[in-house]
Amino acid sequence: MKDMADTTDPIIRVRNLSRDFQVGGRGRKRQTLHAVSDASFDVLPGETLGVVGESGSGKSTIGRMLVGLLPATRGEIELFGETITGPSGKQALAKVRHKLQFVFQDPHAAMNPRMRISDIIAEPIDVRGGWTRKDRADRVAELLELVGLSAAFADRFPHEFSGGQRQRIVIARALALDPAFIVCDEAVAALDVSMQAQVINLLMDLQQRLGLSYLFIAHDLAVVRAVSTRIAVLYAGEIVELSDKRSLYTDPKHPYTQALLAAIPRPEVGTRKPPIRGEVPSLLNRPPGCTLCPRCPKAFDRCRTEAPALREVAPGRKVACHLYDGV
Amino acid sequence: MTDATTLPAAAMPPRSARRRILMRRLWRHRSFRVGAGIVAVIVLMAVAAPLLSGGQPNAMSLRNRFAPPSADFIFGADNFGRDIFTRVLYGARISLWIGFASAMLAAAGGALVGMASAWFRKLDGIIMRIMDALLAFPAILLAIGINAALGPQVSSVIIALASAYVPRMARIVRAAALVVRELDYVDAARVSGAGAGRIIFRHILPNVMAPLLVSVTFVFAYAILAEAALSFLGIGPPPPHPSWGNIIAEGRDYSVEAWWIMLFPGLAISLAALGMNLLGDGLRDVLDPRLKIEA
Amino acid sequence: MLQIENLSVDFRVDSGWISSVTDVSFTLGPRASLGIVGESGSGKSVTALSVLRLHAARNTRMRGRIMFDGQDLLTLPERRMREIRGRDIAMIFQDPMHSLNPVLTIGDQIGETLRIHQKLDAAAAQKAAIGLLDMVRIPDAARRVTDYPHQLSGGMRQRVMIAMAIACRPRLLIADEPTTALDVTVQAQILDLLRDLREEIGMSVILISHDLGLVAEFAERVLVMYAGELVEEAPSLTMFARPAHPYSEGLLKAIPSADEDVGRLYAIPGRIPDPGRRPPGCNFAPRCPLVQPACTAAPPPLATMEPGHLIRCPVRLAAMETTG
Amino acid sequence: MLKLIAFRIAQAIPVMLVVAVLTFLLMHLLPGDPATIIAGDQADQASIDQIRRDLGLDRPVPVQLWHWIVNLAQGDFGRSLMLNQAVADAVKERLPVTLSLAMLAFAITLPFGIAFGVIAAVWRDTWVDSAVMILALVGVSVPNFWIAILSVILFSVTLGWLPSAGYVPLHDSFSGWLASLIQPAVVLALFQIGYLARMTRSAMLDVLDQDYIRTARAKGVAVNTIIVKHAFRNTLMQVVTVAGYILSLLIGGSVVIEQIFALPGIGRLLVQAIMARDYPVVQGTMLLLGFAFVFINILIDLIYAYVDPRVRYD
Amino acid sequence: QDPKMGGTILYANNSGPGQLDPQMAASLVELEVIAHVFEPLISMDANYDAKPMLAESYEISDDGKTFTFPLRKGVKFHDGQEMTSADVKATFERYAEVSPGKATLADVKEYRTPDDYTFVIELNNLNAVFIDQLKTPVYPFSIMPASQRNKPAREIDVVGTGPFKLGEWVKDSHLVIEKNPDYTPRDDADGPDGYVGKKEVYVDAVRYNFLPEANARVAAMQTGEADITTALPLDLAKRLEGNDKVTPVTVFPYCQQYLIVHSSQAPTDNRQVRQAIREAVNVEDLILASGEAARENFSMVYPGGAFFVGDDNAGWYNQNDPAKAAETLKAAGYNGEEIVLQSNTNYSYMRDSILVLAEQLKAAGMNVKVDITDWTTNASNMQSGDGGWNVSTTSFCSNPILGPQQWQTMIYNFPHVENNKVLDDAYAKFYASLDLSDRVAAWKDIEAEVLDGAYMIKVSDRGSNRAIANDLKGFREFNINLFWGMWLDR
């Protein structure tokens, strides 16, 4: 798996992607919120890129931009060789749309409560058009089987299912047109561990069978470890570390990554290390230097004045931290 | 897959049962029941008017001018000696039709405009300003204008009333649609490549149905009343059409001496409005998934 | 301090009444910490809400007793109940997105508890609110206190909920998934805060969570719920070291590990039964690896396996007895 | 804020122009000739033609339209055909009447409508709810001119408490003003109260089911505080919307009420002008109403931002 | 009983004037105010005969072409200026330019003002009825100051010589006329006499309140908010019966109601079809349904008038014979063509008459369509002949009083008479003869032709229902309410 990263062309190439929001108003002056700044990464065929980071660090924003739900402010997204940002982005997006899918955090909210399961699952098919009724019905049945649900459920409505089942229905919809890339935004956060395991297993099975790629967004580092090939750590809208899974967990480089891993609660162990203090800086007024600097135990002078760039510190590992400049 | 679930099929109600459940929810709802009952009776009376009354609604007998309610004239007679009972019965046909048709037209127009302006944000400003302007058009001017263009007839009144209510419905639908458009399943549809038409009709419309339906029942009641007001100003359905509004408007000079002329159609209007509003309340509650309905 | 005896909660649905929580009993002393875990939909939140009697009265039926300070909360008049809420017992709700009033500033919402129960004036309440926001590690508290909920990130909202709940330093805090929206670093800080309060004011905490790691770390005792019933109760260490009920076992087995790479994750096969149609015998029987004919005949009782360790599984109990 | 208002008004101007043109065309589409009305039925055709010439009605409609717009651009709304008065003056004279009536009716509608709606929602599905809602329904389901006629017979003729008709300007006497308006205002309000009450109830029901109400209960907040502070505040969006409609309806003037109570208001002016084909007055009044409605809607949107911090404008 | 001075009469009127230029005034509400504020040279007495008002007297030359009016001296306009012949001349000159009634002056050769107090009109041709034309209450020849000479139509300053002057006027709300303290009544009469006579004003003012709703007017009378009201539907007026503070009265003559039959619109361009309609009419029912106080009268003039020709023309009235109508229809070759009855919603008596008529015509086998529009459309259609109508209805108020010369426009105009030799000849005869009996004979032919040819079908003489507070004294029955000579006994 790891070797593939070197030999295969990425299906997704993201360069210097940024997204600003205009906030404020009501007497106060408008302000620009930098939700995502200068993110660059690739996704290879058949891999899962895990995305972790503090709440509000821009994970969902990146995911939404990747499938065209949100236009980028700056930067470039290339999907399957088509650049979907910029002036001709719309047409480009239309060409590759059927290869993209998005699994929302809350499966209940992501299904129209007034549509039958069959219609929900077949929505991408219906949009595409050109299917006979029988083909469509067969495909729906096939998809239901694929996610481990009985084809007899096709006529029911979303509210008649449990959380785990709903999550699987949303995944079935995402698979309807054999996409090559799926963004999973907190797809398992609300489930208990057993149900969570069911869904994760399903995703991994599908990846193996169909060669899918995922962008997997989650808070739970254990879950991320279970599904990801590589992991990007986000902090205040910036990618601070990008690494393959094993190295990241065994040898976290960036101080924030280290703090995250140290803070994982474990049922077996009784204690965890004291967490780093302080709060994420406001995305409105960025300090001039490294964004983590006020909270970083290892910060030094340079951190306060100069923002570190994301650079390769080892094969397949990138970190944005002045500590590793010499390496 | 080890975890493929197989549960007894009975665990989840099949489609027809769902409809039955909905009907039962409706039926259990007290005000829906009462409202539906009232409306049903009025509709029945309108349909069965020829059976319930032998007379013709416009048949005059000036001998019986202002005959008070009696065995011959259950609701009394008007200044032409026309039987108010017969007129009210036949009037139900016109008034209910006016209420129904203008409510439906207003709903359709309002839904289209409201959803379009919620979805196409660029058009929103201009569409809503046009709606503001349309609000400024008094139903009266529309009624007169449309009367002039199409000739004085019931359908002119309907079109006038419908156009007067479109902007209001549009605002209600727009408000609801603005909420729906931000929901995840709309984004999900967009990811699936759905275009504006599909999103509007497949996703937004069904989910703004609840406020729309409730408003429709409001408009229904309003339209009947508005028809009466138009008749009062002499621009309702052309006489001798026995619409309820016309009967009342024609009886207003005799409001004290021959109170029955106004009273009975007035009661009919009140009853129909009451029925529709109760029905609307019921629909509102039943479409509210949080509500459990007491038996 | 808190003693729940045979609590059952039924809800009205279209087809009649469904039972959501059946026959739950447990006790909680001062300065105690109790974790509740279990499958999604197993009745954890419902149990918690029952303590404060926050269910919609018309659609809910509660039986049993909830004794707090010697009085039964289920029969207390609403006025007396109101005095207890927020002052003696406070709750952190599961869903911070929807549990804050969107049109009131967070300072107002936090300060309100103090104004009601400690009769503070507006200015004092505001000051206290700032202090509380500081306590839950919201930076720049003095400025943020006038923010509205929508101006905060999900994690911050969750912390506002926490600040609100601890405002009056209640003797019992019910925390329903208090940290789902928080990343692990902030989560750890919040746990520290709750621990401090326990020490300081003797506050008892009921912690409801899917995050078993969190529960293990924080709670002294753990309850496991399945399909509306308590299936196991044990001290935290016992529970995570040697769970006795097959459901608890499955649950622990399903926890993904952050420390090693595994292939496939374990998941308990099958699905939680519908609340309307529970199996005649043990609720877990259809999914249980140890199932025996007796299990499907009659509902098993909750029995003491060893002091302080109760399970609802006759099979395991029997096995225990024979081996022990 | 000012920029927003200016923008909205600027946005409204072309629309109003379209309205004006449509009104113009609609009016000229109507059969019936103002000249015959002015001349009276004893006049011969020659005199009617002369009047038509004098008033410029003999010119082709597009030319008339053009002249009207050119004058409008110079702030001249034209002269009434019937009233022998500048349109601007005619409108100015009647505006206080309609405004007085509208404001009074609104001032009655608002507290009652809201109170009824809130009460019904809080006591949902009890007899209180039914009683209040049926009361509210009476207002929505009885033709208001009928109520007006009966009310006059009761309060003016039988009891002699209130004048039966006519308008007393505010600057003449406050009590006279109030006495002349209270009856029509209440009759008007009766209808609107029902509407507002039902919408308020519906909105309150939605809010009372929300999780944050449970949060407030968990804090030990008293029921009344919950209703007013936590629940009602959240319905304000919808209540303001409905109140806005009501206000715009009232400003439009209730022709029927103005006629029965002989109030020289905008509504009556408009209807009379329509009936008499007094084109300039109809057009001028429509423009005024149009702007009033745009203004009210701007106001509503601004209030939105005030009552609901989530509302933003970009 | 001696009149008491002072007080304000509250008059609940159904609508208010739009303007007060006498030369443009045709509607009753305008004329009612104008009659108090302005005065003409010649006007009508209580019997509707011509009498001098601002003229001291008048003199007609033997050739019937020159009319000399010595003017009263010391008559002051409300602005304080004395009225002179220059004002009179200016008034007439303006009238000839702006008034819809200017046809009356079409034949004027010249106006002369030999001195300040003499005014002379010279015509080109003999006109025996010129004085009768000058007394017209519609578009009255009210004298205005010369300063108004060039004011455009309807835009004059309301300054007259009348016993009242215009006070506060709020359109659509109310209008006040105040006593003119400088007014000098004519002293050659004992008291008020129609529009003329000795006009003494006892009250300080009269306030016209405009209450469009008849219900509101009745209520105002009941509550004492009005001392006098008018235009009450008959059935509503009954509500005031038995009230000890108010007396309802019905004033005759007031107006005459006719069915107007369009004679150049198929199928009523067929004389026999029109006659069939006439034969089918049941007047009693029409009257009953109209809800108006009305008397049956076959004639186009009031009984007792100079032109009332007796029963000779009575045969076409109230025939009420559907069977005969059906026969006539057959003879006419009527084949079920649609007959459109048009009326309006503004005047309920018109609408109700047409609704009853529709039933009567149906009973006679006609294919009837009722078309109810608003008054403006209805009136314009009657005037222009457009709108596809066959039968409509309206009332004539001044024409029956004033005589054949004033009837002429209406007789030709509304039924849209084309090429009727009988009428043309008769009218030629009417103007050509100086002899009254010739003129009466000519009128008899005219009336016969109109009624027989069913251009117009007489319905009734309508009365006017009014109500007067019992403490309002001095009320005189007249076709409009005149407030001089009235006082409040309080």
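Every chain is named by a letter (A, B, C, D and E) in the order it is written, and numbering of its residues begins at 1.
Everything below uses one rule, namely that a contact is a pair of C-beta atoms (placed from the backbone, for glycine too) under 8 Å apart; a residue touches a chain by one contact, two chains touch by 3 or more.
The structure displayed is predicted, hence computed values, not measured ones.
Student: Enumerate, in label order, the chains that touch chain A and chain D alike.
Tutor: Touching chain A and chain D alike, sorted by label: B, C.
Student: Along the shortest chain of touching chains, how many steps lie between chain C and chain D?
Tutor: Minimum step count, chain C to chain D: 1.
Student: Is the C-beta contact count larger for D-E or for B-E?
Tutor: D-E
Student: Counting only Cα atoms for the centres, state how far chain B is from chain C in Å.
Tutor: Chain B and chain C have C-alpha centres separated by 49 Å.
Student: Quick one: chain A and chain C, Cα centre-to-centre, how many Å?
Tutor: 30
Student: Roughly how far is chain A from chain E, centre to centre by C-alpha average, rounded to an integer in Å?
Tutor: 89
Student: Identify all positions of chain C at which a residue touches two or more other chains, and write them in rising order.
Tutor: 58, 267-268, 271
Student: Could you check chain E for residues that touch two or more other chains and list them?
Tutor: Touching at least two other chains: 215, 346, 373-374, 377.
Student: Give me the residues of chain A that touch two or more other chains.
Tutor: Residue numbers touching two or more other chains: 165, 198, 201.
Student: Taking the touch rule as given, give the residues of chain C at its contact with chain A in the complex, in rising order.
Tutor: 37-41, 137-139, 153-155, 180-189, 210-217, 240, 250-252, 254-259, 261-262, 264-268, 271-272
Student: Hey, which residues of chain E end up touching chain D in the complex?
Tutor: 18-19, 21, 24-27, 99-103, 138-139, 152-155, 170-174, 209-213, 215-216, 219-220, 222-223, 225, 346, 373-384, 386-387, 394, 398-399, 406, 409-410, 413
Student: What does chain B use to touch chain D in their complex?
Tutor: Within the complex, chain B touches chain D at residues 31, 125-126, 128-130, 132-133, 135-138, 140-141, 144-145, 148-149, 168, 171, 175, 214, 218, 221-222, 225, 228-229, 232-233, 245, 248, 252, 255-256, 262, 266, 269-274, 277, 281, 284, 288, 290, 294.
Student: Can you list the chain A residues touching chain B in their complex?
Tutor: Touch list, chain A to chain B: 64, 67-69, 94, 97-98, 100-102, 104, 106, 109-115, 123-124, 126-128, 148-150, 152-153, 155-157, 159-160, 165, 170, 173, 176, 198, 201-202, 205.
Student: Within the complex, which stretch of chain D touches chain B?
Tutor: Counting only chain D, the residues touching chain B are 11-12, 15-16, 18-19, 23, 26-27, 29-31, 125, 130, 133-134, 137-138, 140-146, 149-150, 153, 195, 198, 202, 205-206, 209, 241, 245, 248, 252, 255-256, 259, 267, 270-271, 274-275, 282, 286, 289-290, 292-294, 297.
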